[in-house]
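Structures follow.
Below are two complexes that have subunit A in common, paired first with subunit B and then with subunit C.
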Partner chain A sequence: MKRSILIWITILFIIPVGLLLAQNTTVTYIEGDPRIKNNRGTIESLDYGAQLATGESVITGKKDLVELDQGNSATIRIKPNTVFTIREIEQGGQKEQVLSTITGSVSMRFNRLAGKEPKIGTVSTIAGIRGTEVTIFAGPDGSSLFIVESGLVSVSAAGQTVELGAQEAVEVPAGGPPGEKFSVIGRELDFSTWSQGKAEELLADPLSSLDRSAALLAQFKAGLEEWVGKYEKARVESEAAAEQMKSMTDKEAQNKYRDEVWFPLALQTGNAILNYRYYTLSALSLRRFVLGPLYMQVRTRNILHQDGSYQEFMNRYQEIIKDFQTTFEPYTNSTDY
Partner chain B sequence: MEALWQNLRNGGFTFLNAEILSVTPVGPESYHLFGTTKDAEFFFKKYVPKDGAIAEIGTDYGTFYIITGSRTWFTPKIIGFTSKGVNK
Partner chain C sequence: MNKKNTLKTSTALRWIALLLAAALFAGCSLTGETIRDRIDKFITAINNQDPQGIKDCLDPSAASYNTADLNFWNHYFNNRPYTIASFSQSGNTATVHFSGSNGSDLPMVFEMTENQGTLLSGTTYSIRRITLNSQTIFE
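Then we have the complex of A and B:
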């Protein structure tokens, strides 16, 4: 009996560990003094040659630049003032990496011949790729811009998808579907200018910005609730299967039951955890890198002039934060902060 | 961080006629002054040094709570601050 429980606990811990080792990502170039937020939840200097595991983030300052390699399958260039994270999600029974630009700008080049390509994304968007050179801008308002140099990118947000080919781009507002794609031939798209424009839009109408973030949080909440429900179901079923397995006396039948019934349920449980954590961490990133800075800007800009619209903003902000605390915080842990 | 101080400066804010009302070492419940979120809680747990303190500062604009800790030469660094309402 003790052995069965041990196997169950071991499986639950092995699943995430297996995911962590899914794809080696190595730091191959550094400028400045970039940082890594590791899976122990601490922030340290990033060293040349370091391996970046799933769940870890690279954080660059205004004079930093980092290049990562995933063997010969991908090169990732992380530009200044950026937070870049490797996440993992389960879709259709397959675990997939999501190379996420939380804020700032990242360029990626993927080698079509080197095997399965990961997903790419931002706080608000996820995209599939095929043999691609792509640059992603993640703005201070939670919006994203995907610029494809070569290959194909399929950008999905709020239930809609846009297919991009070479020299095409699309912008995705926080909480909304992708806009119209446009050609980038003859256009210079510079992150600083784009980001500055987004920051100005954000501050011109902070209440609308809050509403867009709230819409995006509502999408994350729906995803979280769906996967927490699936987790609970899979957990109950796998625990029942474990009990059933323990009660079996025929060793051969027990092994067959373990492989065919219990183990798939244990995997489903692990995958459900992976996915609800994905939505939780997306919400936490939005709260930190979009809502937090917006609050700071509005509060400090109005510190001596707090009119009705300021109060309206603060009340709405507090509502959103309370909802965040109730919905997402219970699924976070100390290493997320 | 740069934007925060720039905005305060542009808005004409100063710690006008500041007076230190109290200085207390940071404790397990100190984060409540700054919020009840896990962000606030873990900020104190992870990023406020062991020698951290909270200075309560009375000014003409109201009362402010400044988190200090570590030192550059002999001067404690400001790690964060908040207010409970601002007098205009």
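Then we have the complex of A and C:
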């Protein structure tokens, strides 16, 4: 169970930045006109001093910059053209806050003395931090780049782990394992250059980008199917117990049956629902933040010239979307959109 | 006659304004809610099968805020409609016994987040954690 939770997190569409115990995250600096997408799905201007709740996203435009503080534990700098979200996950039986970058670039400085060691990640990756300063770039193709300025970072994706020390970096493609780590001493890496490079790579070979996203969706699908299977089994037993409970006329016996038989089964079913929904929402994020923009870029670039490879891309894209609709959409609802 | 009525209206309006100001100054809210109000809204949303209404009652900082869908809630509240049979409160924690359509008892403990509003909107509450039989079902 614990292992499978770790695997999900690894493959999920999350960029965990700081696995800190629930802390207030406060906006301490703003440049430009950044936005906040709140949990009701509305987008509003982000104000200085605002508190970010779990599930809310900060969205920066090309001239925006936002700095967040988590007390004395962490400082998070959200750079232009970034979507940054706070989530919470369960790991090792404990709820932990996860700061997730969907796209763009975020730098973080963690205070080693503040207690719990944080974790960071990207679209396809999770990483544990034992150090202080790290920058994450999340590319338009779902790939990511970790650059460690000081401390140690352990980056895991697709079942493989790379340990990074100070002044080291690694790139992780969407759906794939981390690449070879490399030194960043004397090299200046800025997000706009890296992102532009990724966008060019993506557009140079959009089919490969689609395949990487499809690989990630396949991982989500496997997780979804595993938990839907567990859900179906638990549901049948739980519903049978519920019917049995309803038919009981002796209130005392009914309450005893509720506590000893029905409730443990109901809890299993409820947890299975939360688990398969987690995969569903991750797939939805991938579709929104990687596949959607990729489709738009390819379409815009080829509006006047649509050759065979463009058609191949569109066919493959439609195939993936159809698979998404068949696999994941039945588990979404109106409040997810 | 008209002058007399105008005077009366004006005096009444002054009194109303004074009472409102006093209420606001004393920290009373005009539109705030109690924990009981919020749990009433929650169970009404469950009974009405209203997913957005349910979500509106939950604390967005709960880990399962997005993942807990209508199917999840229906699984625990499987004997709808429910009414509140008993309610007790200690601080921001409420112990509620829901009564199902056949009179079955569903006891739950709600830990609530207090949301400070403005003077006009008042305090509101959202559900941060629900336990059943000492086990957490939502947080």
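The definition used in the following text is that the second predicted complex is superposed on the first by the 247 of 337 C-alpha atoms of A that agree within 3 Å, B and C clash if a C-alpha of one lies under 4 Å from a C-alpha of the other, contacts with A are read in each partner's own complex, and residues count from 1 in each chain.
The criterion applied here is as follows: contacts are C-beta pairs under 8 Å (C-beta built on N, C-alpha and C of every residue); 3 or more make two chains touch, one makes a residue touch a chain.
Bear in mind the structure is a predicted one, so any value in this text is a computation, not a measurement.
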Touching partner for A:Y278 - first (subunit B), second (subunit C), both, neither: second
Subunit B versus subunit C as contact partner of A:S334, first or second or both or neither: both
Which of subunit B and subunit C A:T28 touches, first, second, both or neither: neither
Which of subunit B and subunit C A:Q167 touches, first, second, both or neither: neither
Subunit B versus subunit C as contact partner of A:R235, first or second or both or neither: second
Contacts of A:S154 with subunit B and subunit C, given as first, second, both or neither: neither
Partner chain in contact with A:A53 - subunit B first, subunit C second, else both or neither: second
Partner, of subunit C and subunit B, that touches more residues belonging to subunit A: C
Touching both subunit C and subunit B, counted on subunit A across the two superposed complexes: 334
Residue numbers on subunit A that touch subunit B, as the complex places them: 41-42, 287-288, 292-293, 296-297, 300-306, 321, 324-325, 329, 332, 334, 337
Complex contact set, residues of subunit B against subunit A: 3-4, 7-8, 10-13, 36-39, 42-43, 45-46, 61, 86, 88
Subunit A to subunit C touching residues, read off their complex: 22, 38-40, 53-56, 87-90, 95, 235, 238-239, 242, 245-246, 251, 254-255, 258-259, 263, 266-267, 269-270, 273-274, 277-278, 281, 333-336
Interface residues, subunit C side, partner subunit A - complex: 51-52, 55-56, 59-72, 75-76, 78-79, 100, 102-106, 132-133, 135, 137, 139
